[in-house]
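This report concerns only the one structure given below.
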Amino acid sequence: MDNQKWEPKIVAFVCNWCTYTGADLAGTSRMKYPANTKMIRVMCSGSVDPVFILKAFERGADGILVSGCHPNDCHYNAGNFHARRRWDFFHELLDFIGIEKGRLQFSWISASEGKKFADVVSKVTKDIKAMGPFTNYQKMNSEFTALFPEEANADSEIINQIKETVL
Amino acid sequence: MNLLKEVFMKYGYFPGCSQTGSAKEYDISLRKVIEKLGVSFDEIEDWSCCGATSAHVTNHKLSTALAMRNIMLAEQQGMENIIAPCAACYNRLIMSQFEIANHSGIRKETEELLSASFQKDVKVFNVLELFLNIGIDKIIENRKRELNDLKVACYYGCLLVRPSGLTKFDDAEQPESMEKIAEATGAKTIDWNYKVECCGAAHSIARRDIVVDLSKKILDDAKYHGANVMIVACPMCHTNLDMRQRVMKRTYPEHEDFPVLYITELIGLALGMDEKELGIDLHFIDFNYKDLVPENSGVG
Amino acid sequence: MKELREHAKELLEKGEVSAVIGYSQVSEKRTKPIIVTDPQDTDQLVFNEYCLNNLAVYLTKARIKVSCRTKDKTLKLAVTAKPCDVHSVVALIQENQIHREDIHIISFNCHGVAKDFGFEFSGDNIASKCINCETHKPLYFDKIFGEEKETPKASDDAMERIQEIERMSHQERFEFFKNEFDKCIKCYACRAVCPLCYCQRCITDKTIPRWIESSSHMRGNFAWNIVRAFHLSGRCTGCGECERACPVDIPLSLLNRRMAIKAKKSFSYVSGRSLETPTLVGSFNEKDNDELFM
Amino acid sequence: MKIGVFICHCGENISSTVDCPRVAKICESYPGVEYSVDYKYMCSDPGQNLIREAIQLYKLDAIVIGSCSPHMHERTFRNAAFSAGINPFMVEIANLREHCSWVHDDIESSTLKAIELVRMAIEKVKRDKPLSKINVPVTKRVLVIGGGIAGIQAALDVANAGYEVVLVEKEPSIGGHMSQLSETFPTLDCSQCILTPRMVEVHQHPKIKLLTYSEVVKVEGFIGNFKVTIKKKARHINEDLCSGCGMCISKCPIKKKAYNSFEEDLAFRSAVYIPFSQAIPNIPVIDETVCTYFQTGKCGMCLKVCDRGAINFDQKDTVMVADIGAIIVATGYKLYDIERKSADLKYKGYGEYGYGKYRDVIDGLQFERIASASGPTSGEMKRPSDGKEPKKIVFIQCVGSRDDSKGISYCSKICCMYTAKQAMLYRHKVHDGEAYVFYMDIRAGGKMYEEFVRRAIEEDKVKYIRGRVSRIYEENGKYIVKGEDTIAGMPVEIDADMVVLATAMIPQDNAPALARTIGIPYDKYGFFNESHPKLKPVESTTAGVFLAGACQSPKDIPESVAMASAAACKTIILLSSDTLEREPVVAKVNEDLCAGCFYCQKVCPFGAVEVKDVKDINGIVYKEVAFINQGVCQGCGTCTATCLSKSIELSGFNNEEIFAEIAAL
């Protein structure tokens, strides 16, 4: 891959109350940070499932950031505490399996920390750039797409057509 | 496991210039006491000036590089901890580490000067921290006699507990760790007011008059609060408080001799060593524990 | 053995339990699980170094549970469980799958089991989980049999393998696990034998949205094995049945054990050891390690 | 499904770095998109009309708006969609302003990012399901925790609006710190004279139920429907029988065993006591720890002298449960422990000032008691050690405050003012006395505040020295205050007769514990957090819980009162409707698939997960599953991530939607 042109793809899962609002503040304050990170808003850092991370890697993400409210500052009191325990395990598991810790990063960013948000996103982007594309996963992704083109592209389409009856 | 490791932790020893000259007895007593307590240390080979006094007031770069050179040597010689008994050395070493850790520019500059890179986090301790690490219980366990006839004024001086952001082991304004250690020897400690006041430090050479005034206040307050001996953990303080008492007498004829010991000497006495062994006879003001013991007690 | 059979018989005859889940001998070095409901059949029950299966897995099976329930009362279910299997029972109780008062635990003083059927029980052939086992006596039981014997000494190869992997670079580790997971045929035997995989519908069977790809490709294999290990982190009691059941010999215990080490190191928690301790998953401490977070 | 995409330029806020027409054009080609357009101001009336018309013209089912943050205009666009006939929850916002145009410079890369953001929103909206708001009933009763001036004001305001109030105070009397003060700045009117009528009003108000010597031990439920458990500690006095005659107090033989905490330990009290003479309610308490009867089983003097038989040694703590609609927390503050040596290592003490060692080194509240006409010296300036009138007094500001090295970082806000007041009071009482104040800065923002400080300096000749004090020690019966005058650039030493330390205000010791009980966040010091520092200063982040007074941050009396009235007003607004509408972002369990491990119950911060029995046709329970109470659930989704079998979904943010967003990357 041409490293000159390569730009990392980064996904951030951010909680609605602190980090998303902090990102809003970074915007209102016109702070600049790289455009690589796309945010997915969730209600609480406690609601981010580790499978979301795997899904993002499967969709070609080079790096992931999960961010929520500071401990004791959670809009839901304790969601972030549960998240902290969950990520401690998951991060160590991924590391053991051979996924570098820098690929998945975490932060606490409050609604008033616009500066911190910009700094964290810049740092994550810099880290991922230094690590280069996540070829290990992307090799699997391209193999998969070659083998199962319908399944790879159709996820979204199929889902549209079938409605889950049980829910 | 960790606990054992702490106790038998090996220290690198950075004596500094005073320990080889004016504070020879501090060096002697420190080595003896440490050995008695079952802790060993290796002197850092090829150590040099810490960058205090002249260097740090004239050339910032030089003083940082000098300090970091010694830390680098310790690192290269496989030492994870350094013990720096002189308060000025201690201050220079931790200050330089702080600057290196917080200013990438200074770090780069110093690394270039020394043609080395700092990898590990070498910890620097002063003697108070050293004894707290070894454990006060250890002193009590090995105690051969209780120095309960001593009323000790613990004098910290200006550098030992400052700057407060870096020396986190004790309160900068109202420290208490030296008292804890002193009490382990069986001695009583007194509550007094001048324990972190300035003794005049390096003005000892150029402005003896200032030093005499400041030191006199310190000694007087200790006496006023009932102390019969003062302990210090800094060669500079000792010079001012012990050696300058002679000059003090010229200005203040009413001044009476007041013994000033290093903390290591106090511990040494408690561990059963005698004054000569610890180098106390090298002091300007005589001290003999027996003189303080009431005659009929028969202890000594 | 005699006492075990008599005890089981008595339980069934008095109607205290609806069934006894136990082991029966198949051949010299092989046993199989058996669910005894007729007092006459209790003489098939055995206990020895070849009782490998973790019978706790049957406690959550709906058909067995249903057999205990009548309109008026719930009968108990007796289970023969090695001390390590009792850990699984404890975990199941903590996760509300069974109630302590609904089961009757028959346990043994244990000195280890063979690594698989057909192997002579000795230091060389001892199951990996028995090497550093600390619970030779069950922590919870209603009836205990067997005498205390010395556990054969053996070296902890699995631990060495974990350390070996940790010495590898990330790239090497990734390759290592990729090769291992590549073998996975998604038979889900690991899931079937695991007492803690009691979900009625596993996450991997959830199709809308599709959580884990089930096509015969590495990517789904990778996801499945990571999710399996993650779902068991802090919960796995280390019975090792998944690895024994795996037909393609994926070293699943490596992952489980690595996560158990993490649980112990960071949270001083070992799963299935105490009914009083809150479960690791689902609880938190304000002072949990915060280093991960910027 | 037909989707409409609306890209807003926001004047030039978005369009300056995002090529809006290009974004709209590209979106046209996405599957499911029926109509895509860009416009200068989508939130304006014509912009909203454009959306409404497009919805009707193209028969859209869902819309995506590329605009500012959803926190700005989500509601606006949802209302617009609703008025055009589609469900308001079929609206998704792609944040093109705060998260894109404002933070990136390069037009190409921000346009590409904008396209991706809109595509993610399109994929999410495809999976959105129509939702409807949830209605919950409201209990029209308010709990006020804390009976200081803030709690008193809040309780009176709510009660005067016609709603019932339960006022809980942990001390035997309401009044709080304000009742201890002598005079108040900047008017120098007597604190108790203005407070006591309020206290009486609370006591007599038919709508207020006053529970003193009581504590909140448990809070369950949610906005409009809290269940609060209150422990009423045993007074050992029957409140219904006691007439408050005070006979028991005067006859109690224990006179000098316990310090009077209302007098800040400057005086003693008997074992049976009322904190101060104007206490409300005027009913004593027996202190078990010093009472001879409780210690030895003998005495019972009070029992003998009480002609109404109100003494009851066997009285036990009682617990009651109240249904509450909203909670106002007004627990106030305490002073920083200056001499602190052991218990809480969070704060290092100021051993060098000798507080606790020298009796004449006192804190601000102790000075208030000495200056107070009802205090231990009856308002005469007498120092605690020997009762002599101090001729030279030193006040030290910022003891604990604004001190990163050993205290706390924040400014306690009121000390500049009360020190000026105390110095002034001293000068008014001791005409030949000298008063010195060591200060760092004088912060006297407030109506008539700066003028007040100037008056202390100019009229009352209080000597202000800018600098810190390093040490205080005793020498020949004087307290030597060593400090620095940073304006003169000289060290100073003052031989004072008495020293007053203006110690920092910190939260009550049990504030974090109470916060956890109620379920509200607190900052690193223990002050309760407001929902928004500017726009929601009296709301906590937990719906239905409001904050008043110094429990939120240091405050003076007028600020506490203003905040209390604001909190009361917010509470009244809440209670004025019979039901509450709530966002439908709540979790739901698929009972068929739930394995009943109840990890969701363990992680739920709100106790919304209940156990539900599932029975077969014979009525036999065959499994237990989780059930989420829609009224209690706040929609954090922690349960959905914890659920191993993925049997819980969060409406509005379900897994299908999030997967689709990831897939759209």
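Order of writing sets the chain letters: A, B, C and D. Residues in each chain are counted from 1.
Methods note: a residue touches a chain if its C-beta (ideal position, glycine included) is under 8 Å from a C-beta of that chain, and two chains touch if they have at least 3 such contacts.
A quick note: this is a predicted structure, and the numbers were derived from the prediction, not measured.
Chemist: Give the chain pair, either A-C or B-D, that is connected by more C-beta contacts.
Modeler: A-C
Chemist: Closest chain to the protein CA centroid?
Modeler: Most central by this criterion: D.
Chemist: Please work out the Cα centroid separation of subunit B and subunit D, and write it as a whole number of Å.
Modeler: The separation of the two C-alpha centroids amounts to 48 Å.
Chemist: With centres defined as the mean C-alpha position, give me the subunit A-subunit C separation in Å.
Modeler: 34
Chemist: Starting from the mean Cα coordinates of subunit A and subunit B, work out the distance between those two points in Å.
Modeler: A distance of 52 Å separates the two centres.
Chemist: Could you tell me the distance, in whole angstrom, between the mean C-alpha positions of subunit B and subunit C?
Modeler: 59
Chemist: Specify, in ascending order, the residues of subunit A that touch 2 or more different other chains.
Modeler: 50, 72, 78, 82, 86, 155, 159, 164
Chemist: Out of subunit D, which residues touch more than one other chain, so two or more?
Modeler: 592-593, 603, 642, 655-656, 659-660
Chemist: Which subunit C residues sit where two or more other chains touch them?
Modeler: 203, 208-211, 281-282
Chemist: Quick one: which chain pairs are touching?
Modeler: Pairs flagged as touching, ordered by label: A-C, A-D, B-D, C-D.
Chemist: Within their complex, state which residues of subunit D touch subunit B.
Modeler: Going through subunit D, the ones touching subunit B are 348-352, 357, 405-406, 470-471, 473, 480.
Chemist: For the complex, which residues does subunit A have touching subunit C?
Modeler: 50-51, 54, 58, 71-72, 78, 81-82, 84-100, 105-108, 120, 123, 136, 140-141, 143-144, 147-148, 151, 155, 159, 162-164
Chemist: Can you tell me which positions in subunit A touch subunit D when the two form their complex?
Modeler: 9, 11, 17, 20-21, 23-28, 30-35, 38-44, 46-50, 52, 55-56, 59-61, 72-79, 82-83, 86, 111-112, 118, 155-157, 159-160, 164, 166-167
Chemist: Okay, in this complex, where on subunit B does subunit D touch?
Modeler: It comes out as residues 164-165, 171-174, 176, 191, 193.
Chemist: Which stretch or stretches of subunit C touch subunit A in the complex?
Modeler: These residues of subunit C touch subunit A: 165-166, 168, 170-178, 203, 208-213, 215, 217-219, 222-223, 226-227, 229-230, 233-234, 255, 258-259, 262-263, 266-267, 280-282, 284-286, 288-290, 292-294.
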